[in-house]
Each structure stands twice: as C-alpha cells, then as structure tokens.
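Next come two complexes built around subunit A: one with subunit B, the other with subunit C.
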Partner chain A sequence: MTIRTAFEIALLVLSLTLPLMFAALGFLKLSREWRSRRYDQLVEETRPLVMAALDAPTSIDLSGRHGAAAETIAASLLPQLRGADRDNLANLLEQGGMLPQARQGLRSRRAARRQRSAELLGAAGNRRATAGLAKMLDDRDEEVRQTAARALGRIGDPLSVPPLLVALDLKRVSAHTVSMALLRIGSAGADELTIALASDSPRVRAVAADTTGALGLIAAVPTIEDLLTDENHTTRISAVRALGRLGVPTATPTLIRRLQHELVVPSLTFDEDYARALITSLGQIGERSAIPVLEQSLMRSYRLSSAAADALSEMGARRAQHSNHESLDSEDRRTSDSVPSEMSDETRDGVASTVTQSRTPQGNNLS
Partner chain B sequence: MSRILIADDDRDICELVSFKLAALGHHVIVEHDGEGALAAARTESPELIVLDWMMPRLTGLEVCVALQTDPALARIPVILLTARAQDADIQRGFNAGANDYIVKPFSPRVLASRVHAMLARVSH
Partner chain C sequence: MKEFAIDLLSALDWLVLFYFLVLNTSYLMLVLAAARQAGHSLRRGPTSNYDDIFANPATPAVSVVMAAYNEEACVVESVRAALGLRYPEFEVIVVDDGSSDRTFERLSAEFDLAEVAPAADPGVRTLGAMRSMHASTTDDPLVVVRKVNVQKRSDAINAGLNVAQYPLVCCVDADSILEADALLRVVKPFVDDPDRVIATGGSIRAINGSPVYRGQIGEPQLPRGWLARIQVLEYLRSFLLGRSGWSGFGGLLIISGAFGLYRRDALIDIGGFDTDSLAEDADATIALHRRAIERGDDYRIVFVPDSVCWTEVPSSRADLARQRRRWSHGLFQVMSKHRRVIGNPRYGRVGIVAMPYYLLFELLGAVVELVGVAAVILGLALGVVSIDFAILFAVVAIGFGIAVSLSALLVEEVIYHKYRSWPDLLRSVAACLLENLGYRQLHAWWRLQGLADAFGNREPEWGEIHRAGFAAEQPAPQPPR
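So, the complex of A and B:
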C-alpha cells in the first residue's frame, strides 16, 4: 500500500467519522436539555406538594421521584424561612430521607456533594449533623470548610463553639466566617467564648472579644479588660471595641487610664488605631469622667481629634436625648448644642468646629 | 376575599406566600419582576401588594415610589418583604412609601397575620 492510498483511506475514515461525532454531540446536547426541562417540570409539579406539606407534614410522601426536586425547593426555601414552617419543612426532609442522605453526603468523595450536603443541613438547622460538620472544618477543600462553619452557625448548637475556635486558630476557616457563626450561635455559647478570651491564640482571643461584645455578654467584662494590654495589636483593639459595645460604665476608668498612657508614650511606640478605638469606646459608654481625656485628644492628630469630637458629640447628643430636648433645626446649632455642657466654652467651640469640618468634604481633606 | 399582588423573583417564595394567602381565601396575583408588578397594580387593582426589594427591571423600592406618584395607586398598602435588614434599608423602605417591612428569613404565618391586619385597617 502506497503512502497515497493510506492517506486516502485515512481521509475517508475521517470524513465518515466527523458527521457521526457531530451527530453524537448534538444528541448529547439535546438529551441534556430534555433532562433539564423534565427536571424543571418535576420541580414545578413538586412545589405545590411541598407547600401543602408545610401545613400537614405527615400527609404527603415526598420520597421517590419527587425527592430530588423537593430537596432543590427546600434548599432554596429553608434559608429564607423561620418559625413553624421552617421546622415543618425540615421534618419533611428528615422523614423523606433527604437529611439522612445529606448527613451521609458529608463523607462523600466529591467536594461539591459535601458542600451541598452541608448547606442543606445548615439551612435545616439539623442538630444531628453537628458532629459531622465539625469534622468538616478540617476538610481538604477550603470552600467546604467555610460552608461547614456557616452551617454550624445556622444550626446554633453550642457544642460547635470549641471546634470552630480550633479551626480559627489553625487558620482552617476565616476569622470573619467564624465570627458570623459564633454570633448566630449567640449567648448559648457564652461559657465557651469566655474561656476563649484566655486562649493562647491571639486570633481566638480577638474573635472571642469581638463576639462577646457584639452579643452583650456583660459577665465577660473583667476578662476583656485584661486584654486591653494584650501583646497582640488586633486583640487589644477587639477588647476596646467590645467594651465600647457593651457600654458598661465600670470599664471607663480602665479605658481612660489606657488612653492617658497612649497619649504620653513616645511617638515611635504610639499606636494610633488603639488610641482611636479607646476614644470611640469612651464615647459609646458616655461617662462624664471621660471628658477631660477626650478634650486632651482634641489636640492630637486629625484622626484622633475627629474621633474625640465625634465621641464628645455622641455623649452630648445622648444626654440631650435623655433630657427630652426639642429637635434642633440647623446643623450648626445641632453641632454646638450636642457637646456636653461640662466643657469650657473654648472646647465647645473647638468640638463644634471639628465635627462640622469632619462632616463636610473640605473637612475630610484635612487629613 | 381580597385581591393581593405578590412580586418576588424567587418562585419558591411566591408559591409559598400565595399558597398561604390563598388558603386564607384571598385571590393572589403573582409577578416576578418590578415592571410586571407595576403593570399588574394598574390592571388588576389589588387591595394590597407584597413586594420584594431586589427584583429585575424595577426594584421593589422603585415600584413603591412609582405607586406613590400615581394618585390611582397611592392608596394601595405595600408590605416590603426583603433580606435587607439594616436600619438604613428599613428607613429607605418606609420613606419610599411602604406601609410595613418584613425581613427575610421570615415566618409565612406572621406575614399572613400582617396582611390580614393591614387589610382590616384599610377596610375601616
């Protein structure tokens, strides 16, 4: 056989194969579209059944061909619902075998399946999944770990607080995701959070301080005060922020001492973010004893002076509110009247001017 | 029986809310975008509108403002049903003309009660 003949045969085979390949591709595409349409139709058929089952969960069987469609609908609905309907929907999924399947799915070899299962279990608030999801915080896939942490937050079981904090310490899950999960778990995890304030890990201490502040766990105030001199910058600021949010007046003397100390330290070791956080927190707590140190801060950098002006203004506005003053009609008048009356005239004018500047575009350019 | 318009781009939410309200004997009209909601408000004369904020074409807030500027539609009470939960969002919702504001995740039973209460208030 000559080379020419071999080439001709190859060309013939190719010319016969190509149309077949195109036909096969077209068939695959059509079949995928048909399956997708059939599934959409099944979802449409299943939707009224799911809705009816919310009022009478035991009367409708959603296993069988409606099962997968019911899972799709439930996964979309569950995060948007609360109350009895959410509980009924979760019960329906448990009885229909979807939640048991999802719990098994947490051990799937496919990351997408593990993630989907975690999402469904979290949305359903399925406490039986807590242990499985806690193990997933060490998953090899980062997205799966983040999803597991979010799911644990939605479930709200306080038993998941320690594994979440371990995942935070080992940097397996982001601080933001862990914080959000801890906030969702809420005061049920208060004991574990208070213990975490004394953790060896600065990441854990910082997140624990922020969370205790946001949750209003006043019993943790003495431990948070100890963190004001923490070796870690982020932890110190989180502790200050937490005390401000908690608004406990007994924390004021400690915050004042820290701010006074910051205002006299040499410029090389001066921590402006920390000082600014102290000023803001003193303003949030609103004790009059903080006024002198806030006045002192007015003489510092633009960032500190504007924070101090805002803090003094906030204190004045709150006092004005308490006194049931009439609402004021002009910006200038509001600014000058919202400054606490204990201040000297000179300081009152200074604060009013700084607040006005910080509220105008020109004022923002001063930095 | 009252005519209630529900506008939400999430079909599951529309189905759920309309199922709950239909079970209470209301006639429910469903739309999945802002333009459709505004058109339905003009043609169907609903007695109350349940409106999502984030919708294609026109947002729920824009629909609210459009309803307020049309004298024929301005009196229809609107309940905003949205995932936007910030204080500023709630203020914007009421400023745009909403009569009530419900944050997702929500309880469909509570929504049905609020619809009932608002319809009772309007009818008196």
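So, the complex of A and C:
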C-alpha cells in the first residue's frame, strides 16, 4: 500500500465519521432535552401522589409510567425523612413492590443494580434487608460493599455491628464508612463497640474508639484510656480524640502525662499529630490543671502552638460562658479576654496573637 | 540526489503519518477510557456518599492553600468561594506573594484582617521571607500570609504548606473558583482508601464569560472570545478526559496546580514544590510517584473528574503564548529532572508508558508537528510532493484532530453537560474546527519556542496575565449540574 492510498482510506473514513459525529451531537442534545421535559412532567404528576401518601398512609397505584418516577422521588426524599414520614413512604414502596424488587436486586449480577438496591433499602430503613446487606459486605465490587455498609448504618439494626467490624478488619470497607454506619446505629451497638475497643485489629480499635467518643459512651472511658499507649499510631490518636469528645475531667491527668511525655521525647520519636490531638482534647475537656502544659506547648512548633492557643482560647470562652458573663461572640474569642485568667500575662498576649481562627466544624451533624 | 530526497521525504512522511496516527489514536483512547469511567460514575452517581462525608466526624480536615500575586480583580471572590465550600472542617490560607496591586488591601477590607504573630513550621524550605501574618476577625477560618516575591509560585505554595495545620492540603489558584462541593468530591478517594491515596486532582474548566455571584458560579457559559473558547475545548480534552484516562490507567503525571489535594506529610517528604521548576505541579506529582515506588509503597494518585475548579484562562494571544511557552519549558525541565524514570521498568506504568508518552507526544509533539508541515512544504518546493497530496495530508491530519475534539465534546454532552444552550453547543463545534485550523499550529509554535528557551537555558518570560475578574451576576446562582 502506498502512502497516498493510506491517506485516501483515512480520508474516506473521516468523511463518513465526521458528519455522523456532528449528527450525534445534535441528536444527543435534542433527546436529552426531550427526556428531561418528559421526566419533569412525570415527576410533576407523581409528586402530589407521593406527598399525599406521606400525610395519610393510603395505598396508591404506582403501576405503569408513574412507578419509576415515584421510585425516583421516594429515593430522593427518603434520606431526608425520619420517623413516621419515612415509615409511610417505605410502606408505600413496599406495597408498590419496589422494596421487594430491591431486595431481589441485592442478588443481581449487575453491580450497579446491587448498589442502587442497597441504597434504596438503606434509605427506607428496611430491616428485612439487614441479612442480605450484611452478606454484601463481602461483595466483589468495592463500591457495592461501601454502599451496603452505609445502608446498614441507615437501617440502624445493632445486629449489623459485628459484620461491619469484620468487614473493617478485613479491609473490605473503609474505616470512614464503617464509622459513619456505627454512628448511625448509635448507642444500640454500645456493647459490641466496647468489646471492639479490645479487638486484636488496630483498625477496629481505632474506629471503635472514635465512635464511642462521638456517641458519648462514658462507660468506655477506662478502656479508651488504655488505648492512649496503643502500639498503633491511629488508634492512639483516636483514643485521644474520643476522650476529648467525651469531655470527662477524670481523663485530664492521663492526657497531661501523655502530653508532657511527648514534649520531652527525642525529636526522632516525637509524634506531632498525637501531641496535637492531646492538646485539642485537653482544650475540649477544659480543666484548669491543663493550662501549664498547654502554655508549655505554646513554645513549640507552629502546629502545636496554634493548637495550644486554640485550646486555651476555647477553655477561656467556655469558662466565660459558665461564669455567666456577657456572651462571647466569635470576635471576642480572638481577644486576650477570652483566655483563662490563670494564665500569665505573657501567655495571654501570646495566645491573643497566636490564635488565628476558630475552627468550628460546619458538618458532623448526623441528620 | 533527487531520488535520495524523494526517499528521505517519503520516509519522513511515513514517520509523520505514523506519529499522527499514534498521537490521535492515543487521544481517542484516553477520551474513550475517560468516557467509560464517567459512564460508570454516572450509573452509580445518585448513590454517592457526599452527605456522609460531610456529616462524618472522621472526615479529615483540609488546609486550602491559595497563592495570590496581583489578583485584586478576583481574589475576594475566590476566597469567598473557598470559604463557602461545603466541607466539615477546613482553613483557607492565602499567600500574598508580594503583590504590588491592592490584593492584600481588598482582602483586608473584606475579611477585616488583623495582624497576628508570624509563625510557621520549617517543613519545607522557602526562598522568600515571610513579612507578616494576618487572621480574619469575621469568624472565617482565613489566614493571610504576606511574603517577599521571588517570582516563583511554588515558593508561595510552600510558604502556605508550612502554615497549614491539617493532614490534607488543597492547593488552588487565586484566580480560580471551586464548586461548592468540589472539596467533598476530591477528598472522597482519601476517605475511601486512606492507606493508599496520597494525592488527588480535580478538573479545571475555563470560567471566562460565566457569571459569578458571591463566590459561586452561575449557569456556565462559553467565553466571548474564540481564543478562550478553544481553550475550553482544550481543557475538556486534555485536562479532563485525558487525565481521567491516565488516572484509570495508574499513570497520572499531572495534578494541576490550580486544584490538587495532597497528603501534607507526603508533600513535605518530597521537599514541597520545586522552586526551580516552571511546572511544579507536574514535578510534584512525578516526585510523589517516584518516592512511593522507590519505597515500595502501595499507593494511588487519583483524578476526580466531577470535582470542578473554574479558572480564568488567558484571553489575549500574548498572554496565552507566554503561558504555553512556560509550560513547554517547564515540561522539559521535569523530563530532564526525572529522566531516570523514562522507560525504566522499575517505575512500572509510570516509567514504561506515561513518561515516554509525555516525552514523545507532549514535549516533542510540537517538533514533529512542525517538521511534518515543513516536510510537506519542502516536498512541494522540490517537486517531490504533489499539491493534491499535500492537501490530502493536511485534510486528513486536520480531520483526525477534529474527530478527536468532537469525541471529547460528545463525552461532555453525554456525561457532564455543563454548557446547556444550543448556541454554546454550536460555538463549541466551531471551536473544534478552529482549534485544528490555526490554533493547533500556533500552539505548536509556542511550544517549540518554549523548548528553545529550555535548550538555550533562557529565563522564562513571566509577565502578568491580564485578569478581567469574574463577571458578576445579580440573581441567586443556579449551581451547575
């Protein structure tokens, strides 16, 4: 074949392909607009039926073209609903055959369908799906496993806690997903969580510590304190964070000892993240006895000193509130008035200039 | 002699043909690979867990570092956009890199900045000294660091890195606006796979012409000028779909400096961004690959296409030429610095596929393109190439380029659908044609100049890119889908 022939063939292919591509672009846009209009219309017709079913749990016919639209509306509404509203909508989907279909869908060969089914069942809080979803924690598709774990959290059955912790240990599901699921299950899973604090797996210990802290399970404090010297870095930090969230004053001496130890260890073994977590937790607990070690931390690296400044500032703000003084607005928190009165003048000035910002998290509500 | 010339030109033609074929086919394959991944995400999209990431107390906090040099036109909107990000816990660090305009004054007035004691960790070396540090008193988690300018953006980012408090650091440009949930999206790989992911990057799109209201982008619109419109298409093909394809393959070599998220310890481990590099973003990404591979780490560097950063692209030819010459010069520096990786099986896909590809098609592509054109012109002059063959060659080369651009546009229309109006679609199609009829050749020329600068060891022309700022929109914004 000569080079000219090769070019001529290429030209022929292009002269067929390019017009097709132009046409496809136009067709895609047209069809998208048409589908979008049709869907919007369908949703507009179906939404009142779904909303009516929320107010009064009556049976409505969801067969035919309204069925798919109702499923979509319900799926988008369900995660935002709680209590009776969610139950009514879930009943509607059960009667309409969508939840039974979703339970069957958990066994589908298509990963996308298994995932969508798990999502719907989780959003509906469908306890009948717990066993099926627990099995899916071992699914071959990673996204399906993550969705199944989230769904188990939304259903909130404490029986899901052990399989979730096993999936975490085997690295089948991420720690982040499992911790959120455990938070959603809440104190109903407290017994399993307390046992998990002594697990052989550092991943499980870390997540259990974080979750017990976030759930406010005070009874677990002694076990969490034992984890402060855990061999695993993440577990140690989780334990510190948990104690800070729990805000138990009796944990203060232990935290102070750990921080004092960290501040004198040789630089090679110094764990800055751990020290930062200790400082933050001491600030959250807010005991006066922590002030000297926090002042000491002000003299350290920028990351430690700013954490210490924030901690001292937080303690000052809280004490001011407790004292029933004038309410502190965010601007006041940056001034030296907001730091505890036990501090030396030097430290007060240091805190006032080092406090750079308040770091109040925006999220972390479990609604 | 003439026979030798004919043989030589014929061989050259075959070589150039083969090169074009491989180049455009590889573009097409990357676009298709990206389309496949995007289709996968689209099918599962509604089940994505961004609300859970927002609500979970275990979500890692992020330090957003923004380098600003003479950005008075858009810095307030950019910072407002960053502060308005939907994310549970983060701080914004603006590094005012010795601006001579009113960048700092605008920030100070808007966020009521108060000077605080300057302090930073010596995590990475910086060249320009810190002059002062300021914190917002408007309850925004904002810190502004003023430093001496050393004409290196990387130095400003490194200064921000030393002030960053959180385990993840997100680098963004001050002429850019992140979509409200961009951070939640780009952090997802870190929360799903915290042990392995060391860096993620979001997609970059051109904001020129799109309305911005209180730090949020409204309904995206194509820019007014053709130069910027063509860049929209270029960013779509190369920065969005190209990087998606490379990411899926495990060979992502560039996380854009305009929007990248890194593990802070990993960045510090490689010494931060290289202040000698003109392509510090590519350099850092390759350095992260190298460090992880040399240590035997199981790691991932991931591109997140649906996490979007909107940035102002150069709208004048002079600005664009300067930018592209600098990019080409920078790519040469990166390839020279990491030459040990090129073709080295020890570095797996990065060494065997990605680096040689960037060397042959991204760095030397301009040379081959222009050699191809020169060969045809020479052939015409010597009478060894007929005029009809020259036309045939040009039509096929341009036609293939148009087909690749159109395929990218098809993916955009099916998957992302950011530009919704019919006129914008028609303008995009026209941009596909114009890109291949003039822009591409001009671009090749700028890249060649950049290479010449690199070979001649000449200092790059920095100059300021003229910013128009963001177009204001009064009504409430309609977030892009």
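Assume the second predicted complex is superposed on the first by the 276 of 367 C-alpha atoms of A that agree within 3 Å, B and C clash if a C-alpha of one lies under 4 Å from a C-alpha of the other, contacts with A are read in each partner's own complex, and residues count from 1 in each chain.
Going forward, a contact is a pair of C-beta atoms (placed from the backbone, for glycine too) under 8 Å apart; a residue touches a chain by one contact, two chains touch by 3 or more.
Note that the structure is a prediction, hence the values are computed from the model and not measured.
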Looking at the overlay, what does A:Arg47 touch: subunit B (first), subunit C (second), both, or neither? first
Thinking of the overlay built on chain A, is A:Gln146 touched by subunit B (first), by subunit C (second), by both, or by neither? second
Report the partner of subunit A that touches more of its residues: subunit B or subunit C. C
Touched partner set for A:Thr280, first subunit B, second subunit C, both or neither: neither
Touching A:Thr235 in the superposition: subunit B (first), subunit C (second), both, neither? neither
First (subunit B), second (subunit C), both or neither touched by A:Met180: second
Taking the superposition as given, does A:Thr212 touch the first partner, subunit B, the second, subunit C, both, or neither? neither
Partner chain(s) touched by A:Pro79 [first = subunit B, second = subunit C, both, neither]: both
Residue by residue on subunit A, keep only those touching subunit B in one complex and subunit C in the other, then list them. 76, 79
Give every residue of subunit A touching subunit C within the complex, in rising order. 3-4, 6-8, 10-11, 14-15, 17-18, 21-22, 24-26, 28-29, 32, 75-76, 79, 112, 115-116, 118-119, 142-143, 146-147, 150, 174-177, 179-180, 183, 207, 210, 214, 245, 273, 301-303, 305-307, 330-331, 334, 350, 353-359, 361-367
Contact footprint of subunit B on subunit A as seen in their complex: 47-48, 51-52, 54-55, 73, 76-77, 79-86
Within the complex, which stretch of subunit B touches subunit A? 10-13, 15-16, 19, 23, 83, 104-110
Of all residues in subunit C, those that touch subunit A in their complex: 10, 13-14, 17, 43-44, 46-47, 49, 51-59, 61, 86-89, 91, 114, 116-117, 119-121, 133, 135-137, 139-143, 162-163, 165, 167, 191-194, 389, 392-393, 395-396, 399-400, 402-403, 406-407, 409-410, 413-414, 417, 422, 425, 429
